[in-house]
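By written order: A, B and C. Residues from 1 in each chain.
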Amino acid sequence: MIRNEVFSCFVFYGVLLVMKMYVIAIVTGQVRLRKKAFANPEDAMRHGGLQYHREDPYVERCRRAHLNDMENIFPFLLLGAIYSLIGPSLPVARLHFLAFSVARVLHSVAYLFALRAPARSLAYIVGQIPCFSMALQIILAVAVYA
Amino acid sequence: MIRNEVFSCFVFYGVLLVMKMYVIAIVTGQVRLRKKAFANPEDAMRHGGLQYHREDPYVERCRRAHLNDMENIFPFLLLGAIYSLIGPSLPVARLHFLAFSVARVLHSVAYLFALRAPARSLAYIVGQIPCFSMALQIILAVAVYA
Amino acid sequence: MIRNEVFSCFVFYGVLLVMKMYVIAIVTGQVRLRKKAFANPEDAMRHGGLQYHREDPYVERCRRAHLNDMENIFPFLLLGAIYSLIGPSLPVARLHFLAFSVARVLHSVAYLFALRAPARSLAYIVGQIPCFSMALQIILAVAVYA
């Protein structure tokens, strides 16, 4: 499977996207420390006292960016893996993976820097196009087994 | 792998469930627009002003439905894929995938239409039965490699 | 694939971690019932009235534990599956899977019992080490296909 070129191409982008999500997690943690805004009392106690057990708008923004990644990147990981197995041409498949990846990086940038609307929504929509395309092609390929 | 009938059957239901999750995301976005309730100030600014940077009970309901799907459908995608590889009979496997899929569609319906309890909980429990069954069969099949 | 020893080892730990997540979901539900704190009015109505449509700090703690699992265990499920396919030795691979699994169980224990900081953060960091290691090895193995 790992010798399948399309699958390996998917793996490359899929793992980069997972690492992009880890970056958002790390950013969230750093913002919590810098802004002193902790979700758990035990963390607040370690960093100055219970008054820091509180919400912060930018921490919440980071969390929404992370949650939106989970809603969209995790499904891509399934769709991309299976799409790789139904025999697409490498250039077409790479275009799907690359378009999704670039769109999701832009989505994160638009979210974390609070770019003016509709920058973030456009990135989201562009990212969904390769996903719908892959989902449709997969369904057509396996519908006979339903 | 895609020529494995059970795996292809899993793929069919798995991709349909991912598309079901996309529908919830789209519904959430539409409800945000209709109710004018945006999670981000930049979205509110684009749609009339900062007073629309606010929560709405039905938007929160959609978000809970989506989150519950992530908690349950994503694990199914792993369990179903691996279960397909341990050699179950096609009718038994299809029953697992179909039961889970129907239960999750009913779960979404019960959530989005706020059906009287315990409709949603029942759908959740019925959906977990094939998951527990697959998890158990997988663990028994691979325990020797732990 | 299921006859690949490393993959089967991954499957064992991956499915156990999914079951660990199910346990957190069950705990959350039980705490909601015991504390009478329901996210949905229809659930509150069934269990005594709308005054129980409310938040509870311990329910929120359970939810954060579950969400953190989704942020970290789901990516592991991709990384571990693919890492299994790039030909690591069984003892080294098992060490990755075992370290991550133990760290995540300790993370859940630290979260649900509110252990003193930085117990939970340490478990999180230890769990990320095998993930970064696998991600790096995978990227190096497939970079030629990007």
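Just so we're on the same page, a contact is a pair of C-beta atoms (placed from the backbone, for glycine too) under 8 Å apart; a residue touches a chain by one contact, two chains touch by 3 or more.
Please read these numbers as outputs of a predicted model, since none were measured by experiment.
**Student:** Any idea what the CA-fit rotation angle from chain A to chain C is, to the nearest 5 degrees?
**Tutor:** 120
**Student:** Could you classify the chain A-chain B contact as same or different, where same means more than half of all interface residue numbers appear on both copies?
**Tutor:** On the two sides of the chain B and chain A interface, the residue numbers are mostly different, under half being shared.
**Student:** Between chain A and chain B, tell me the centre distance in angstrom, where each centre is the average of that chain's C-alpha atoms.
**Tutor:** 17
**Student:** What are the residues of chain A that contact at least two other chains?
**Tutor:** Only 1, 70, 74 qualify.
**Student:** What residues on chain B touch chain C, complex-wise?
**Tutor:** Checking each residue of chain B against chain C gives 1, 61, 64, 70-71, 74-75, 78-79, 82, 85-86, 114-118, 120-121, 128, 131-132, 135, 138-139, 141-146.
**Student:** Considering the complex alone, what residue numbers of chain C touch chain B?
**Tutor:** Listed in rising order, the residues of chain C that touch chain B are 1-2, 5, 8-9, 11-16, 18-19, 21-22, 25, 39-43, 45-47, 66, 70, 74, 77.
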